[in-house]
């Protein structure tokens, strides 16, 4: 990581990254419960929320919608990704050149890295090219560090997640996104070994408001610098409300309990004023 | 997709793309029923029909014939393709550089993408290079999005086709060509998840006039922006007549029934005046 | 193909290409019956025959001998090729850059393409690079189109040869060399589907004068634009005599019978004047 | 090797290289016994010890911490490396371009080379690129020469280690790091066959002070030019003390016994003055 | 081959190339019988012998020692090579760019080519790049043409060696080094099929003085242009003496018998004057 390189996608050193590349990674099935979430405009609107420090999308969505949101959204160019339809060791295609992303106005790049895959070596070299191209353009670098592959038995255990966060640091990410390793201690170790690289928790599959906010609170207390979230926001009927609550936990050091209160008041407010 | 980038190969936002790369993809067997269709001049003549918004051919045909048709045909450079003689996971060779296609006068590129193939990652990176080279030259980008490969059980089911159309959108196509998924609802979902990228239906194997036009009508009602067709045009004795009918359904919002009427009158007319 | 690009290696639209890359493709075993044929000077001398429109050799031979023949021989740079000692799916190495071939004075390139090989995709992309580099230098492009590989049961059947000649056309060759498919009808179909690309018959293994000339006559009547020949010329004791006869069949529209007469008179003449 | 090219990372022709890329190669598990060693600042501080002639780290650590230490630490850019999570023949990713390393201030590069791996050919070509890029920038080249792979039965035997040190020399390293081959004679042969390339002993897993220093003494007597060490320094509670002792053995020609005396006094000193 | 391109590494059209890359190809085991041969200085000194027309070494040795010998040794940069520790089809790494070799003062390049290996296609393309880069710098090109691999049953038979020498010629080598095929006739055929490319005999494993010189004599009579030798020189106690004898056989057309006489007088001389 390069000191300060993350500043474009953090506020006061904290990050709340909204990721919306599920149409590529999982397919439209992720939009079925909330069909409006298939419409990028809906989610770009959500990304204008003040708490969102970066919005991670693939090239196609950025080309089509970012020009209309360039004053309200911070573009994080997710430069690699792939469908889940094929078979074989984990890999990801580099779909977007950093040069093109910069031309469009991206302030940081996002890169998925499958440490432990038999394709790790190739992916690390692709990351090198993207990271150095980002450095040349003063763009931040966010790594989605997800160990997986034939050689890995437990891809969310504490030592795996700590390894994941260290990989981000060693290879030169400014922010590393890792899955929550299941306990505050394990999360703390993952943050401790990451040097000055910021560690953000991956939102994962949709859970209840309380469960989700409590995990975020725990992660923040353990040293995380924020959250990178997708489904837990856009698969909700009212994504903005949850972002209000996350803002409290991530930026205002409030507890999940306090933030849930905000959600309720927000809901009441909404029912009277909308 | 980039707003407006498709304009060179659409009329009023609708597309009727004539594709003629079957000699490469399937071999001369596709010309056997109508031997004249083996002669590019015959098909280039068909492509001068007003309703055709783009004519997709490989480099060799474009080099030989396009210079004589440059005022009457909009060239869509099909930059990849392969024979069906070899074995293994789906793949396609990039046979034409975008630079060379632009020099020849192409206004858009066509690119086959086999999502789900074990070669998907490599193909996506080749698409990236072609797409970005097209952007640099203000050319449109049309993706033939055909999921297939060892990991796919059903390559024309609704969720597969919706994934196919979303892939085109996420990766940066302006127009995505998908197979008809079998029902109006499935086609609508495929269009709904494609953002601002236009979805066109693939013509597929030759069928009866009525069946074909009714499918096109259904697709248009479901949100499709048109059609990319090959065999259903050039394997007919009178391709122009069918194009007349398609023009009605795609650009004039007429029903298949109404358009079939046009075909009959066209035929009567033809029998008296030709 | 690009109109006129073949003119450097055709006379009046017809081609008689002498190929001499057997030392690479088959090894010196091809020279054993006529040891003098191992000496490039012998074969370069043959290539000075007026009827020869292009002489196809690999880089090493061209570097060593072409400078002495540059006024009398038209150099067709055979830019790929490989030995027959290794195992696996058909492939061919690109042994000569087009830039280097052009510097040496080549007027066209020759490229072997194994459609149907599991290496077809890679070979097509190598062909693209060579073809476009040739276009940039106004050099002609001749494809040796030889479908073969694990997926092909019959590599000289009519439909395979028609596919072979169509591949040359679709991918941008000016002249496509195919094996004789066994009948006039099959040869005609192979020529019919090749658009404006010229189709030349491959000479193949050495046969009798009569059999060879009759096949050439048949191919020419079926629409072929000539012949690309190696062993049937240089494995003969008197290659010049056969070239005299081929000249009659290919350029003077004579029959094999008439041409065989020329050979006899040529022989008589030779015995008296030499 | 190029005469003098190693001077940036040697003192009086001797080298004591501190390597700290274990977070990438082994993961945070290497930091568990001494958790402070997970913090790069701790280890960068150690690297300011006068005896350390070069500090080998990956890009991420160098970007984050080297700017604060550039007057006190000599940066040796470890340009390749990989996690131990994946399966297959040994390989290593090139994570850092030499150009970027030079821009950051590195005075030499470090490169792991797995001779004997089925990936040896590819790794040697990557080494070539890195070595020549280093030459262009007057940077030193240190090879971690570790034969391993399916074809190797004994990767620390005398003949293997001698081969390892010869490989460094033949391929152009200025300094080659090899594992200790188990005896003074074997170490001497490994040094004898290395030409003018300097051979340094790899520190390996943590052992007792005495065992470690005695091995270093033996290696130096056998012709080694120093040591490249990681865990045997940073996994100690008091790394500086061991560096004091190593300084005696490597640069002052003292015995392990004498150096252990230094350590005791150092410890006494430490307990009174710290 | 390009006329005259070999002149830098031949005298009067004959070559005696000393090769010393065994430390890479076989490892230090080749130095065990004569340990001094592990020291490049010893062998560089041998290479100053007047009869040696070129000295073939890898980059590391050239960087370290050639600058001290540039007036007395003709540098032949052996640009590829690999260890014998790994498994799989024969291959060789390109360890040295031609540009870097030229900068150091090399007058020719040496390149190992394993025709018949399943890696032949890739190696031929690497040879193309090296050969053309050498042409651009007016450097000679020497091919070590060693057919081997899964598809080859007999890699020193007459037809294999003739194929090997023809491959060097077809692909553009100025000098081709082949193994002795076992008989004068087979050697003559190998020379006959090589066009103007010079064929030199490979020295092979160490044999007796008489046996070795007689084989060289036979090869020269059969048309060879010299010898490329390593172990048969540097594994001898008195390499210079053998070079004196080889000089007689290769450059002075003397018999092995006559040359052996020279060796005896040399030995006598040596015992009195040293």
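When the chains are written out, they are named A, B, C, D and E in that same order, and each has its own residue count from 1.
FYI, a residue touches a chain if its C-beta (ideal position, glycine included) is under 8 Å from a C-beta of that chain, and two chains touch if they have at least 3 such contacts.
Just so we're on the same page, UniProt names per chain: A, B, C, D, E = fructose-bisphosphate aldolase.
This structure is a prediction, so every number in the text was calculated from the model and none was measured.
Engineer: Which chains contact both chain C and chain D?
Structural biologist: Both chain C and chain D are touched by E, going by the contact rule given at the top.
Engineer: Tell me which chains count as touching both chain B and chain D.
Structural biologist: Under the touch definition, chain B and chain D have A as mutual neighbours.
Engineer: For chain A and chain B, what's the span in angstrom between their mean Cα positions?
Structural biologist: Going by mean C-alpha positions, chain A sits 36 Å from chain B.
Engineer: With chain centres defined as C-alpha means, what is the inter-centre distance between chain B and chain E in Å?
Structural biologist: 59
Engineer: Could you tell me which residues belong to chain B and also touch two or more other chains?
Structural biologist: If we look for residues of chain B contacting two or more partner chains, we find none.
Engineer: Taking touching chains as linked, do they make an open path (line), a single closed cycle (ring), a hub with spokes (star), an all-linked set (complete), or other?
Structural biologist: It is a ring, because the chains touch in a row that closes back on itself.
Engineer: If you go round the ring from chain A to chain D and onward, which chains do you meet, in order?
Structural biologist: Putting chain A first and chain D second, the full ring order comes out as A, D, E, C, B.
Engineer: Name, in rising order, each residue of chain D that touches chain E in their complex.
Structural biologist: 1-3, 115-118, 120-122, 124-125, 127-128, 131-132, 135, 147, 149-152, 159-160, 162-163, 166-173, 189, 192-193, 195-197
Engineer: For chain D, which residues count as touching chain A in their complex?
Structural biologist: 21, 23-24, 27-29, 31, 35, 38-40, 58-61, 63-65, 67, 81-83, 85-88, 91-97, 100
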